[in-house]
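Quick one: structure below, then a few questions.
We just call them A, B, C and D in the order they show up, numbering each chain from 1.
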Amino acid sequence: MYIDINCDMGESFGIWKLGLDEEIIKYISSANVAGGFHAGDPHTMNTTVALAKKSGVAIGIHCGFRDLVGFGRRPIQLSAEEVKNDFIYQLGALREFGKLYGLKIQHVKPHGALYMMAAESEEISRAIIEAIQSVDPGLLLYSMEHSITYQLAHELNQPVVAEFFADREYDANGKIVFTRKVEEKPNSKEIAQKVLRAITENKVKTVEGVDIPIKAETICLHSDTPGVLEIAKEMSQTLKDKGIIISSFRDRATIDSLPFQ
Amino acid sequence: MYIDINCDMGESFGIWKLGLDEEIIKYISSANVAGGFHAGDPHTMNTTVALAKKSGVAIGIHCGFRDLVGFGRRPIQLSAEEVKNDFIYQLGALREFGKLYGLKIQHVKPHGALYMMAAESEEISRAIIEAIQSVDPGLLLYSMEHSITYQLAHELNQPVVAEFFADREYDANGKIVFTRKVEEKPNSKEIAQKVLRAITENKVKTVEGVDIPIKAETICLHSDTPGVLEIAKEMSQTLKDKGIIISSFRDRATIDSLPFQ
Amino acid sequence: MYIDINCDMGESFGIWKLGLDEEIIKYISSANVAGGFHAGDPHTMNTTVALAKKSGVAIGIHCGFRDLVGFGRRPIQLSAEEVKNDFIYQLGALREFGKLYGLKIQHVKPHGALYMMAAESEEISRAIIEAIQSVDPGLLLYSMEHSITYQLAHELNQPVVAEFFADREYDANGKIVFTRKVEEKPNSKEIAQKVLRAITENKVKTVEGVDIPIKAETICLHSDTPGVLEIAKEMSQTLKDKGIIISSFRDRATIDSLPFQ
Amino acid sequence: MYIDINCDMGESFGIWKLGLDEEIIKYISSANVAGGFHAGDPHTMNTTVALAKKSGVAIGIHCGFRDLVGFGRRPIQLSAEEVKNDFIYQLGALREFGKLYGLKIQHVKPHGALYMMAAESEEISRAIIEAIQSVDPGLLLYSMEHSITYQLAHELNQPVVAEFFADREYDANGKIVFTRKVEEKPNSKEIAQKVLRAITENKVKTVEGVDIPIKAETICLHSDTPGVLEIAKEMSQTLKDKGIIISSFRDRATIDSLPFQ
């Protein structure tokens, strides 16, 4: 049994550091590399791709709103055309650094408010999917199972991966409770068990206290969640103990092991 | 006889328009597309590449300092590493839009103060050339014959094209007199003759009033020079009247016609 | 009879010019000076305040979202705290340039999407009003009569001025039809008559073809409306011909002539 | 005997934190508040001024180049006009937050590369001093004794305070050795003794190993120097043990105790 673990990376900016990339990368299989609009800059992108290469981790473009001061967590009403062009720009920038290190881009993951808005909007989801299909249709799109993005990707034959959030709460509709910043340090053992259950049983307990079915083909960790490193370690060990192989989609042995086939 | 004419394009930003791209593109063969750091944005880049495709014009990355408010015309002391990473980022962004329209990138032209600083600095020239060679060594570098950039490119076997500035004055050292903004409208007939002479006789009269030898393999027009459209028309007609074919390097019939062979 | 005419000014950015400030300022009494977030920069702000001083025009802070590439016309979900702090920052910047030229700040006018979102949101309107009252409660707030901003300002005893848009259409609810960009050139004579009627009869014909009552204490012109200069001239002459004095609130002879008394 | 200790503050940006402002402020008397160009944003500025108010610390504007990604530590060639306008803009923004908390601005300290370039350039120093004198001539300018800024301020009757850098090395010319980032953690006891000696004996040992005379009217600590908090504590205690009162200029009992009288 395989599972992908992804984490946002390269979200520093200039002198300002964010995240424990060098530590966390040991426990993940896919890095969502900030594209420079909500976070990241060319120097940071270079460092991050080099780190991914060295660590055997796949890369994806983490494209967000052009809003550094808001870290891409403030909803902005863009036109579909703006969504597309912002995406293509950031994708290309990352691809060039990938070329420098011999890494292809594996996936696309919208960031923050863009991710959440896409999940609720056919127009934004369509803009992202069309942008992917216009330049590189083989890229995997990461989104939540219970989202318009996920549904529409299926309809448009875009490979899409169901993402489960280790460090976020779910509601009875299968949606995560969005927050601009997690303040309290979550319990890492509880998270590890929640993730294990999502992977093996496809279930999660919601904030309302009920169980709902949930797909978990990739697990997401947020680099600014308090105690994220501890969570990463605990989760990684818990999964390995159950014989689950942490592996990016790029690295899967056979095409049949890919979830979106 | 062939000549390339290049012009900076895509230098609008958001609502702010700069340049008469749709008009000028009729008279040039190579478009230097702003990379988004000194000017340009994803939407503008998309529009510009689409326009180049439609117009049969080759594209190159016009990479400048990350200084929108200064339009990349204020010298900034970057490290070689920063120069490289900023370049790769912008190059990749443009390449992705090129892919969208089936256009390969032909050339690299540093913008404004970066161009001028590189011309005087081995460190910056080396950073740019190494960046090119690390991702796409076949790209043509545009620079002035009398520059460290041009010299070093030759030494490092980087294809380099000698650029002649139609709308700038030269001094006795073969250097152009840098300015952040040309205020007066130059005489288009004089410019056309100056360009013709540079191409056919390899000579230019300097601000000191003497003739110096000068190489002119590509001719540069600045989109914010007053009267640029008139200059473009006049120059284009003057060259055609002499049987000179305006053509990008990408479009030359035989490899032998390329100047840097 | 007095009327104030306001126009957005100082909306250039770096090398990029927007608006015909030097021409339009002859026909207005109050300049909404861009604060640097949606448009404007320190150099432009300096030039604009100098121009207002020279032209005898009052100044106000035109504060928008921090979104240069979107020109502040894309709705962004900010917290009330962010709205306040962004406002205070831009207000202070303008006030310092005002000090340089001996000009006090007369008014506050939110820009673009912030203006429109405030009109519909008590939270945003409250944030703006509280910010004003925390640093300079005498500033006049410009908003539309049919807006939450206008209502709440009255409730909170904030002097507020009912703004009528010369170059926008109204609907039957008294709201203007928002657009990111006016593409067609409006008819200046029709606009002049519409404005005259709004001032003297307090009526406007809506897009649905019905008349509604409307307050018009200040008239707004957008600097990027096609043909704005012609509109400004026509409107100004039409009003003067009817004996209406174009005058900022700062310049009114008596306190009794102020609309919000 | 009095001494002022200043530290750069408010240099976070959006989600990115920098400096231990809440800790360090206990040991200083003057806060250099980032103006938003090299670091800082309206929210951070608000928080920082509130903290200064609560801590009884005086505030000054820390104005840097408009270069967030370079943190204002990359030299940029600005015109005198640009230096002035950038300064006035940032000063005004801070003044408005000061008004919110009942704090006047005490001083002006250019940041990073602007500080170092001013120290070597009459044009830049003059631009800064003229800008101060155009809006608030009573503001104290912080600079090094061995700088053109310091000299010129004296000539132009601008109150200027001689700054001694606790965490930087000096050379035999009395200049500090500039660095974009201090990597190693300095010895806090050595620094405390170096500072004590500069204050009481007006001497410092240079990197060449010789003693030179040095004025020290304010002591600067950099918030991103490794171990800065330890240095602040050690230095503060060492000075207090010698009966030296740490006090901003704003808080000095008599005008005679001010160094620049």
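By definition in this document, a residue touches a chain if its C-beta (ideal position, glycine included) is under 8 Å from a C-beta of that chain, and two chains touch if they have at least 3 such contacts.
Treat the numbers as computed from the prediction; the structure is a model and nothing was measured.
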Q: By the contact definition above, name the pair with the higher C-beta contact count: B-C or A-B.
A: A-B
Q.
Can you work out the whole-Å distance between the CA centroids of chain B and chain D?
A. 43
Q: Averaged over CA atoms, how far is the centre of chain A from the centre of chain B? Could you give it in whole Å?
A: 39
Q. Among the residues of chain A, which ones contact at least 2 other chains?
A. 41, 69-70, 82
Q: Pick one for the touching-chains graph, please: line, ring, star, complete, other.
A: complete
(Q) Touching residues of chain C toward chain D in the complex: what are they? (A) 36, 42-43, 45-46, 81-82, 84-86, 88-97, 99-100, 134-135
Q) Which positions of chain A touch chain D when the two form their complex? A) 12-18, 39, 41, 68-71, 181, 224
Q) Which residues of chain D touch chain B in their complex? A) 66-67, 69-70, 74-78, 82, 113
